[in-house]
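Which chain is which? They are A, B and C, in the order written, and residues in each are numbered from 1.
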Amino acid sequence: MKTKSLFRTAALPLAMALAVGTGTASAQDKIVLGAAVSITGKYSTNGQNTKDGYDLAVKRINEMGGVKVGDKTYQLEIIYYDDESTPARGAQLAERLIEQDKVKFLLGPYSSGLTKAIAPVTEKYGVPMVEGNGASRALFQQGYKYLFAVLSTSEQYLASAVALAAEQAEKAGKKPGDVKVAGVFENDPFSQDVRAGVLEDAGKLGMKVVIDDKLPPEINDMAPSLTKARALKPDILIVSGHAKGAALAINQISEMKVDVPMLAMTHCDSAKIIEKYGKAAEYALCATQWDRGLSYRDDWFGTAEEYAVLFEKEFNYAPPYQAAESTASVLTFVDAFQRAGTLDQAKVRDALAATDMQTFYGNIKFDETGKNIAKPMVLYQVQDGEFKVVAPTKWASAKLRHPTPPWSQR
Amino acid sequence: MDSLQILFDAPILNVQLLLDGLLIGAIFALAAYGMALVWGVMNIINVAQGEFVMLGGFVAVLLADAGIHPLFGVPLATVVLYAVGWGLYRTIVFRVVDRDLFISILATFGISILLQQLANQVFGADVRSAEGGMGTLFLFDGMVTVGWIKVLACAVALLTGVALWLFLKHSRLGQAIRATAQNARAARILGIDTDRVYAATYALNAAICGAAGALVAMIWIVHPYLGLAFTLRSFVIVIVAGLGNLLGVVVSGLGLGAAESFAGFVFGAEFQAAFTFSLLVVILVLRSRLLARKRRYLK
Amino acid sequence: MHRLDRSLLIAVALLGLVAPLLLPAYTAQLAMLWVMVIFALTWDLLGGQMGYNSFGNIVFLGMGMYACAVIQRDSGLDYHSALFVGMLVGAVLATAFSALLGAGVLGMRGHYFAICTLGLGVAAGEIASGWDYIGAGSGMVTPVHPGEVGERNLFFYYLFFAITVATFFTLRRLYSGRFGLAINAIRDDEDKAEAMGLQTTRYKTVAWCVAAFFLGLSGGALGNLIGFIDPRDVAFSGATFGVWMVLMAILGGKGTLWGPVLGALIFHVTQELFWSYLLGWQRVALGALIVLIVVFFPQGILGWARERWPERFGQRVEPGAADGEEGRA
């Protein structure tokens, strides 16, 4: 008989677990959003940025009186889960948010991989999801109807860097076809998509791709790739590998004294390369979704700079673009709720699709696949210990310094 | 195989790859030596090896953040990790010492998750590094460059190895450790407090890994999820070298570093780890084949 | 006591059949519970019954997942046919691969086997993430089930329930016959078993093939349940699914038929509770839990209960299966 009662004992916690969640159904004056973000695991730094961005938006909007939908005013609330930076977990949590917490609207997770795992779930349930951190182009080729991204997709990240390399080659009296491109990309959905964009652009300009390496995510050393770069002398070296890739690249290029005329990367700001590596970070080009110096504004936060100041006051660090685009995701939802005048998921979805607005983060207007086509990427260069915008020319606050002098003269 | 072509066209790159590989290998060897020690003496496969390296790295990073040269992190990490190792032994590890080997693998796996996640909570998942600002050594007209820090790390690793060897050979405790490794029961009968020996061994292992970690922080980067790479490579090295063979561990550590460096260059970085672990499988299969043949021969 | 075993079976089967109707909101999580049960059961076949502690069974899961996803992508069949063909192909591939591997790997003993399989798991993940045909590091997106939302979850729930039932009865059948005795003998003393004329290699390989078959089968379906296949974090996720298999079997009591089922249930529920209430600290709690399980419950719940009340267990175990006095490896 023992086994049976043992089994019953074991079933008890299950019953307890099942009782959970049913009590959290949304109160009447609240709109509950759900989000799985990476609080632990390899993306937890950027996951925290994402969460801070969401939280700031919710706080601000609630302070300003909440969201007016039809003739009722609602406060915002977010239910969070930790996806541990793994897609399997993310998909399960999305399911859970929708089925058990009865969340009707989802905010995106951090990273393309997690978004890829969650988008099929939200699509299946017809739950609109606005995300600001899944940049992979592949996300918008699946025909998803309920996925909206406020950010520029990943193939655009370094397009302007490749264009700059071509421009500089022409200035020096060479053809773009003479430019040798070296790429080192982390082997994950985001960076591989950046790679696809770079290869495409380089192909169009007739550039030669001399190095095309994939870095495993757990890499702690990129010396073999840099050794190749020394041998093949590329005109532009492109590195994409989240914060870890950026930190490693600066660290090892300066130690190995590899000379490249142009170095372009992603995630420099979240890797804090200036604080950490000082002079060694000079001349590096960095793609960014957003900068506090840009001339966008909205009614909730004012200008980009005002947003940045508020964010710093709240969280004691300067907002990286990951936080800004997360905040913008919440704003996009709020705008759509107000225009829809109802919390019906299909109507909110249609309102989202018709979004056309400006936020402190940039203009937001979705194409039929759900990606934002109204906001360009920005390119920084590290100049005298500061990130200066060098492209596009509309916002450039400094001139590009090119080429990077060899290490012997730095 | 364009990459191979490059190596033929510019043979000097072989030197670069070899040097880089050997210098990484020295650090692998350090962590692996600790693992061999614990495995040989306590019959425990310590899966938390890489987490000790990671913690040692954070010690150096914190020092650097406080404005102290991270080189002092090497002795400090040694001391701190010795204490951590001792504490872990006294709370958890002593309970699994004489159990099945598999139990100890799982228990130390639990420890490794615990340390990793605690580090994530305490230090954050940011990628950190401790810049030593040591400059670079140029060889062959600047065609080959080696950071001084790597040279130093290699020296520290080798010195630690020698010191350990002397310690095990000549000190009282070292002799007790070796005696316990040979036959724990006999050692107990002869009045050796094997529990203390185990504690010292486990703590010593943590300390060695801590020193390696401080060096890692100065050469590369540190983050809470760094551990696994070091743990798995330690396995590979120890299995190739065999237990209780200091020289073997050093040689196979250096060899693995060099092999990985070339594999990363030739096959591309994405297959570097695949290469290492396929190598592990192949070595193990060959080893078991050899043993089987020997068994048959003995019969 | 054969009757108790049978009534337990009937109770679990009934519960399994009606659970999604009682708790419709939890269907996806319940489906995941059966996945966990399959993981624990297949691991225990080698780890518990045969004494070969594998960290590499995840390889078969990942192979099934990728094989099925590739068939779904390239075959042009409709959703359900592609899924079933894919699952079968995955299962066959995994079985063939395990038979191939068995020859080299199962010759190893003890921890060398454990480490070698660990290496296999990691290497498989790394190779998959470098292979462009299956999406390399970008992973693969599996097609979305065509039906209504509720219908889809029920479909996968019953699919996994069916695989679990098939696995359970296959293992029960195997354990109660000559095969069970043979692999128990291998666990207790392989050299002696061999000296008695047992074809140990053949038994070991067959055991591994059975585990691989069911893992490959469920891998294909699991890829569809999750919706996105990442080479390291989903398909060959040694640090999560791979280790959980081991833990669940140990927690419930390895070397018993019901132990892994019980272990999977407790583990899954505990995990879900951690995830709900310990935001950010759940992995710390998981690490602590692992240490506690392993240090204080190395024989698992059923093993502990059996030690405590051997006479009751001596009666419960069906004749011919694992008996009460075997040494716990």
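Throughout what follows, contacts are C-beta pairs under 8 Å (C-beta built on N, C-alpha and C of every residue); 3 or more make two chains touch, one makes a residue touch a chain.
All figures in this text were calculated on a predicted structure; none of them were measured in a lab.
Counted as hops between touching chains, the shortest connection from chain B to chain C is 1. For the pairs A-C and A-B, the count of C-beta pairs in contact is higher at A-C. Mean C-alpha position of chain B lies 32 Å from that of chain C.
A separation of 35 Å divides the Cα centre of chain A from that of chain B.
Within chain C, the positions touching two or more other chains are listed as 126, 129-130, 136-137, 280, 283. For chain A, residues touching at least two other chains, in rising order: 40, 187, 214, 216. Counting only residues that touch two or more partner chains, chain B has 117, 120-121, 228, 268, 270, 273.
Listing the residues of chain C that touch chain A in their complex gives 4, 7-8, 23, 25-29, 32, 126, 129-130, 136-139, 141-142, 144-145, 149, 152, 226-228, 230, 232-234, 237, 240-241, 258, 262, 265-266, 269-270, 272-273, 275-276, 279-280, 282-283, 301-302, 305, 309, 312-313, 316.
Those residues of chain C that touch chain B in the shared complex are 53, 104-105, 107-112, 114-116, 118-120, 122-123, 126-127, 129-130, 136-137, 239, 243, 246-247, 250, 280-281, 283-284, 286-291, 293-295, 298, 329.
Taken together, the chain B residues at the contact with chain C in this complex read 45, 92, 95-96, 99-103, 105-107, 109-118, 120-121, 228, 232, 235-236, 239, 268, 270-271, 273-274, 277-278, 280-281, 284-285, 287-289, 292. Taken together, the chain A residues at the contact with chain C in this complex read 1-4, 6-7, 10-11, 13-14, 16-18, 20-22, 39-40, 80-82, 84-88, 91-93, 95-96, 99-100, 113, 116-117, 120-121, 123-126, 136, 138, 142, 186-189, 191-193, 214, 216-217.
Taken together, the chain B residues at the contact with chain A in this complex read 3, 6, 9-10, 13, 16-17, 20, 24, 117, 120-121, 124-129, 131, 136, 138, 142-143, 145, 147, 149, 216, 220-221, 223, 225-226, 228-229, 261-262, 264-265, 268-270, 272-273.
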